[in-house]
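By written order: A, B and C. Residues from 1 in each chain.
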Amino acid sequence: MNDVAPIIEIANLSKAFGLRPALQGLDLQIMRGESVVLLGQNGSGKSTLLRLLAGLSKPTAGIIRIGGWEMPKEAMAVRAQIGLVAHQPLLYDNLSARENLEFFGRLYGMAAAERESRMAELLDRVALRRRADSLVRDFSRGMQQRLSIARALLHEPDVLLFDEPYTGLDQAAVELLDELLGSARQRGRTVIVSTHQLERAPALAARAIVLSRGRISFDGAIEGQTSGELGALVNLDAAFA
Amino acid sequence: MPRLLRVLTGVAILGFALTFYLGFFVAGRDIEQGEIQRIFYIHMPAFFGAFTAFGATVLGGVIYLWRKSDIWDKIALAGVEVGLAFALVNLVTGAIWARPIWNTWWTWDPRLTSAAIMALTYAAYLMLRAGIEDPNRKRAFMSVYGILAFVSVLTTLFIIRVVPETIHPVIVGASPQNAQGSFEATSGVITALVPSLLLWLTLMPITLIWHRVRLENRIEAVRRLKLSVLSE
Amino acid sequence: MSTGFPSAVLAIVRKDLRAELRSRDVISVTAMFALLSILVFSFALELDKVAREEAVSGVLWVTLVYASILGFNRSLALESDRGVLDGLLLAPISRSAIFLGKLLGNFAFTLIVLVVILPLMHVLYNKPLLSGWLIVTAVIGIFGFCAIGTLLATMTVQTRAREALLPIALLPVALPLLLTAVRATNGILRDTEWQVWLQILCGIGVIYFVMCWLLYGYVLEE
């Protein structure tokens, strides 16, 4: 590694829902421009970690720092730097694709001219230009997911968070998503993708973080590993249970 | 049990016995209303006990939202339950008194109505609480609701001064024109009322809330044990 | 860097109005309910003509309250159904801007209901409901009610029972406001003392608005 500063620093991070711990004492650093894939079984804490990073949820204990700002105290400054693609599309059914993007553009304080050009560019990139004025409620799951990605990219965030983006996508949408992720990486964005589909992991990132039962059970390079070896990492915990 | 709580519990029980003695034997028999007037020594203090308990809910809610420590949410919940019990004592004793004096158990008088709504507000608190699954959300939401619900307590307290056509008597200050069933605050009445009021205002709610919070801690310990057994 | 407060509020209000103009989800349900409610009350109270005239301000407020509860549920369900509430929370805007945006949307919808039912009640109940001060009273009362309704609906849409819990949570807490609003309306209709009730209504409205403003952030976090 060269001397780039970490954009995300996590120290002793814990999150509990009542008595049920979701994350326990996480320590983690992610460098600017790095790509990370987050692996783990359902309920291992992947979504919780991403929601904490996006500022949608507050930690029970510990510190999160993004771009030098401390969460959740300075969340307002962090929010403008983060784009999240969640399980749900986070779009309004009764608005068209263009109206949705316009609304979120306004929320991110983008000026009219900037908003227009950015919207046109993104609608092209997610291949929705021809459907830009259709209502979101008429979109297929794949189209909604594409628009949701456009929403997350709209304000050109430094950090991109994807929570299980491949779920329910058709082949064309998967290819488009791979291409978008690739170009985001090329532009020097920090990308964190969570997935339970192990076979995708090596293509997504050089570094993997495996969560099991709210703890980091593996953090390191996964280049050249087969999905069988990765499977052993994810299931390590299950093997000893 | 902590020593202080043991002392408080003992003093509260003794005090309760003392106020009974004062109410039944020291205070004189009311000339117009007869023995039934003695229920007042519980009726009014019970309302103020509820006031303290619901006040604890507001305090617990505010501090929980600020510090996010669970204990304050437990105090808020305990305040609701204790206050609701006191509010029911207040309503039932009032109805028992009203039967001979107003010749009816219940009437839709502004103060009676607002006291009933106050009790309903806190019953709604418990229903709402049961309907929220995520524990963090539950605590934050209920803190907010506990603060808002206090509006109903203040309404009940002040409605007599604002809505003139109530028939409910006022003991402190001038009764409304239409009040029926007022009685004179003689020295005997004061002797019985003041200790009872102080007891219900402070010792009773504080002791009961303390016990309730300890109970909640036990419940949580059991839940924690169950969880650890299940996850084995 | 965060987005300016007025532009965030404006964006939310515009979005709500635009979606509503397209689907008429909220208005159609609430206005229909309000019309039915007035007719049903009118039939139910017809036996006694005096009672009907006495009850007119009660009917007005009960109708407004239940219609707006329906509206609050619809309007906040639109935010929580598809997780879009998270979308709002992700944006660099203050929580108060979300509150004010949603509040103004709900306020606009309830005012539309008022515009529909006031003339109708004026005719059906044969009372001078279209007087200036009465409209002022209604607008102030509705604003206060919408403030507390917006807060509590945001809370209840995130619970299991959702729609069912809102009236249970809202009615007891909003009662002081409704009580004074009914008193003021009654006073104006009968030309008895109403100024003091309108003043109390303004006071309560301001208190509720400030409380809800301060508390709103807490019903959005996890």
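Convention: a contact is a pair of C-beta atoms (placed from the backbone, for glycine too) under 8 Å apart; a residue touches a chain by one contact, two chains touch by 3 or more.
Only a predicted model underlies this, so the values are computations on that prediction, with no experimental measurement involved.
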> Chain with the smallest distance from its CA centroid to the overall CA centroid?
Replying inline: C
>> Can you check which chain pair, B-C or A-B, has more C-beta pairs in contact?
In response: B-C
> Distance from the CA centroid of chain A to that of chain C, rounded to the nearest Å?
Replying inline: 38
> Approximately how many whole Å separate the CA-defined centres of chain B and chain C?
Replying inline: 31
> Once you find the CA centre of chain A and the CA centre of chain B, what distance in Å lies between them?
Replying inline: 50
>> Can you list every residue of chain B that touches 2 or more other chains, as numbers and ranges?
In response: 134, 136
>> Quick check on chain C: which residues sit in contact with 2+ other chains?
In response: 221-222
> In the complex of these two chains, what residues of chain C are touching chain A?
Replying inline: 1-4, 7-8, 10-12, 14-15, 18-19, 22-23, 25, 78, 81-84, 86-94, 221-222
>> Under the definition above, what is the set of chain A residues touching chain B in their complex?
In response: 17-20
> Mind pulling up the chain B residues that touch chain C in the complex?
Replying inline: 65, 114, 117-118, 120-121, 124, 127-128, 131-134, 136-137, 140-141, 143-145, 147-149, 151-152, 155, 162
> For chain B, which residues count as touching chain A in their complex?
Replying inline: 134-136, 220, 223-224, 227
> What does chain A use to touch chain C in their complex?
Replying inline: 51, 54-58, 76-77, 79-80, 82, 84, 86-95, 99, 103-104, 106-109, 135, 151
